[in-house]
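So, here's a batch of structures to check.
Next come two complexes, and both contain chain A; in the first it sits with chain B, in the second with chain C.
Right, the complex of A and B next:
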């Protein structure tokens, strides 16, 4: 039975292997020079000064290949669509299941063999891909230090995505029995589940930490990052501004629901801190605008604005997941997606054995 | 003689539609059985249940006394040629034989290769590029080479042209003679059944209307032509299957339980086609009127 499963799958396997090979070669050629550049220029820039220029030019290097790391996000979906969905649906659509199921191999074994072979191949493919991209991107990643923003295309989480996408595709194929609709359904459901994890579920893996700091006006010329935790690698889940009585009056580091900070005044200067109240002092013209204002206000204006803000005793509360939880979250994500894949596979196995008749 | 296939109160429902309901029959082994009936009679459903592709909604079905497809041993005992003889379009003929060899413990590779060679089919040819007749032959080869005790064929020749159909049935007959397997073959073409079968089952709307050895059925049925009789009138010693009338004459298909007594009748033999059509018509009438009167040999 393993022969048949492999014979039907091998072209797809070779294609995947070929694409992985091409990527491996591209990474192998460019990777060492990136590591070298990082070690010689970026890591030592502190001793020469002018780190910003060195770092920026380093981050611009191999821009295309850096963008290419997005394939780690895309590939699990593709595996679900092209390996998972047609796996059983094509047999149903072309009627070949009648041939396969009337040889001397039970249906249970047939389905189990197919699921194991292609499912494991999906996980290996995504795993190797993620490994390569993670290795190649590591100098850039360590410089940027925003691990949670690249969480789902690095390290081990993509293995879970691939397993889940495959099982989802295969099971939808079993239920829908037609290749194209199964592929479309796989894409839609997979994207929905992934978005749910990225936007809602992942941040609840562990109780987040909070940090409260005095509110500071964001925008050019200001320190910005109101109440942000000290480590730039932390994942700020939400940032709320509260007034002296503890009421939430703003989000995203501003006043109001969209993170804006506005001052209002008349011709002789600004007097109102919009959404909060009247300033005790007057802020000279030109008024500092919202955080979208690109021109940098003068030190006198900055000082006046900060004085106005300070008088209201606003505070920023940042809710965040610290950077040292990254690996815990990777393991959680992998485990949850693997469990979902296993449950789906078990359901598919049961359905083919008992119900698909 | 043990039964190849035995069904008791068998039914299969798709959603709210019953494809087969309350079907009871027993098919003895050692025959080439023709299963005939109009489209929608439930032939395909019955055969698919017999090979375990479908599970009954109600009733029971056994093949050689066992639940179909319950384990590899049971699967190995039955060779199946599905309707439209599906094959893996991207796999070559040789791949298909390898598939058979890898998935069937009793696979006879010599037999398989000999047959393909005899048929003049290229081993390297992709199954998707074979003609309909060749694909049917490939499916038959695979079913035979697993060395089953019975072969079940679901409308194997329905999509073939007359020449390919004749060739297919001829090879089927040779195989049956050579390997001594029981065969159950469904078709809605009586001519095909007549060519190869020695046992007949007529299925109309899930009901077995007629069953028995072909020779005996032909010998025991007659067509009587005589003066006009009333519809539903009985004839001594004869069971009326079907009758048709014009102004002066009645033509009656009967099963003879004894000699025809009334000399007014002219006795003619019946063809298989007349017989099958007669019973099909009877089954349809019974079905539409929900009559509870006798239904022939049930």
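Right, the complex of A and C next:
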């Protein structure tokens, strides 16, 4: 049975292996020179005092191959579509299941073997791909230091995505019984689940931390950056502004749903902080309608604006996941997707045994 | 025949039409608000001195835009894979071609009717998506320059229409050649992505002969796209440093493959004599109180003066090769035409193949 399953699968396996090989060669050729450049130029830029230039030109290097890390996001979906969905659906559509399921091998063993073989192959493919990309990109990643924004195309999470996509495709194929609709449905459902995790579920894996700071006016001339946590690698989930009674009155580090910070004066020094109220103090040369376009506000104006802001006792609350939770989140994500894959597989197995004619 | 072709595709068309309509509805509902924010907040940010904050907030409101951009980039590929590839392959695979091609309608007419109906629907859907997206993100495009950036260029205006026609025709052709749906779908995906990538890297930069601007190399000015008269929407293809005999010796406003400029003292024997690494020994003397220097190290004015004199002495030139922003529409029309011609050629080949070679 294993031999038969491998025979039916080997062309696809060879194609995947070939593509992985091409990528491995491209990475093996370019990788060492990138590490070398990083060690010689970027790591030592502090002593030469030219970090900005060196880092920028380093990040521009091999731009095309850097973009290639998108394939880690795409490949699990493709595995689900091209390996998972046709696995059983094709047997049903062409009627070959009548022959296949009436041999000495029972249908439950037949389906378990196929699921294990192709499912494991999917996980290995995605895992190797992610490993290569993670290794090759590590100099760029450590320089950029935004681990959560590349969360789903590095390290171990893609293995879980591949397992889930494959099981999803196979089960949808069993339910829909036709190849093309099953492939389309796999794509749609997989994208929906991934988006749900990226946008809503992942940030709730662990209770986020909060940091509250007094609200500050953003922009040049001011301290800028409200209550953001110190580490640039942290994942800021939301940044809200609350007033003195604790009500949320703004997002994105400003006032209102769009995060604006506007002051509007009537020309005589009486100034309104839009969305909040009238400033208790007078602001010289109110910034609204000021003629100078390039220069930042004068120190007196800055001081007056900050005083106006302080008088309202606004606070900024940043909700964030600290960067040291990265690996916890990776394991959570992998585990959740693997469990979903196992549940789907078990359902498919049961459905074929009990329900399918 | 038209009725039969329509019957076979109407359910899928209906689903896609509903999805497209929903997306257009989302655009129509959110577009005016974004435009309002642009008019009231973004355009006036200069007078409030908070442009940086406003820009980054404005960008975060468009986090959906990147997603939709990817969708529009993917739509032609999906249509080619799910509609183009099975069009002929499925009939052959399931054996229904024996019935379909022996009716009163000849097989070439059968093919052309299906291809043009389904192909036209693909092109129209992609076109609607692209134009709606272009309209919706117009405020964003005014704030963030770079209309030749691949993800921007390939999802706006006309080119998605050409891509849709090409992907669909490629799918039909590969389906007729491979004769099996799933392998044909995989081949279509690989072929489309490979073709588009190759076009982006090797063909698009030279659709029109790029312009050149040559100026004396300057060390103490930020390099890329900041020269006189450079529009942020220009597409800088390369920036080379040429020596006096016209040979390229560096890039990105510097020397060598990294684009760095390094000045180092020659040695103990000749104090004040500096070497411009990768170019030669400077003819002039340098002030002695500093040992070495890399770019952006905030050197003293006398040092800057000495470096500039040294660089001038070698007559190096900074050659910028770029496509000006004014070429944008020419590029869009060219690229769309090229892909439509490719699509027609593929359809022509398939038509011949089905008539003369198949079975």
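Points to keep in mind about this one:
One rule holds for everything that comes next: the second predicted complex is superposed on the first by the 317 of 357 C-alpha atoms of A that agree within 3 Å, B and C clash if a C-alpha of one lies under 4 Å from a C-alpha of the other, contacts with A are read in each partner's own complex, and residues count from 1 in each chain.
The definition used in the following text is that a residue touches a chain if its C-beta (ideal position, glycine included) is under 8 Å from a C-beta of that chain, and two chains touch if they have at least 3 such contacts.
Only a predicted model underlies this, so the values are computations on that prediction, with no experimental measurement involved.
When both complexes are overlaid on chain A, the residue A:64 reaches chain C alone and has no touch with chain B.
Within the superposed three-chain model, A:37 lies in touch with chain C and out of touch with chain B [touch as defined at top].
Once chain A of one complex is fitted onto chain A of the other, the partner contacts of A:54 are limited to chain C, with no touch recorded for chain B. The partner that reaches more residues of chain A, of the two candidates chain B and chain C, is C. Once chain A of one complex is fitted onto chain A of the other, the partner contacts of A:184 are limited to chain C, with no touch recorded for chain B.
Counting contacts as defined above, chain A residues 94 meet chain B in one complex and chain C in the other.
Taken together, the chain B residues at the contact with chain A in this complex read 48, 51-55, 69, 71-73, 75-76, 78-80, 82, 84, 86-91, 95, 98-100, 102-106, 139, 142-143, 146.
Across the complex, chain A meets chain C through its residues 15, 37, 41, 48-50, 52-54, 57, 60, 64, 78, 82, 86, 90, 94, 179-180, 183-184, 187, 218-221, 224, 252-254, 258-263, 287-290, 293, 296-297.
The touching residues of chain A, counted against chain B in their complex, run 1, 3-4, 7-8, 94-99, 101-107, 354, 357. Those residues of chain C that touch chain A in the complex are listed here as 37, 41, 46-54, 57, 60-61, 78, 82, 86, 90, 94, 181-182, 185-186, 189, 201, 252, 258-260, 294-298.
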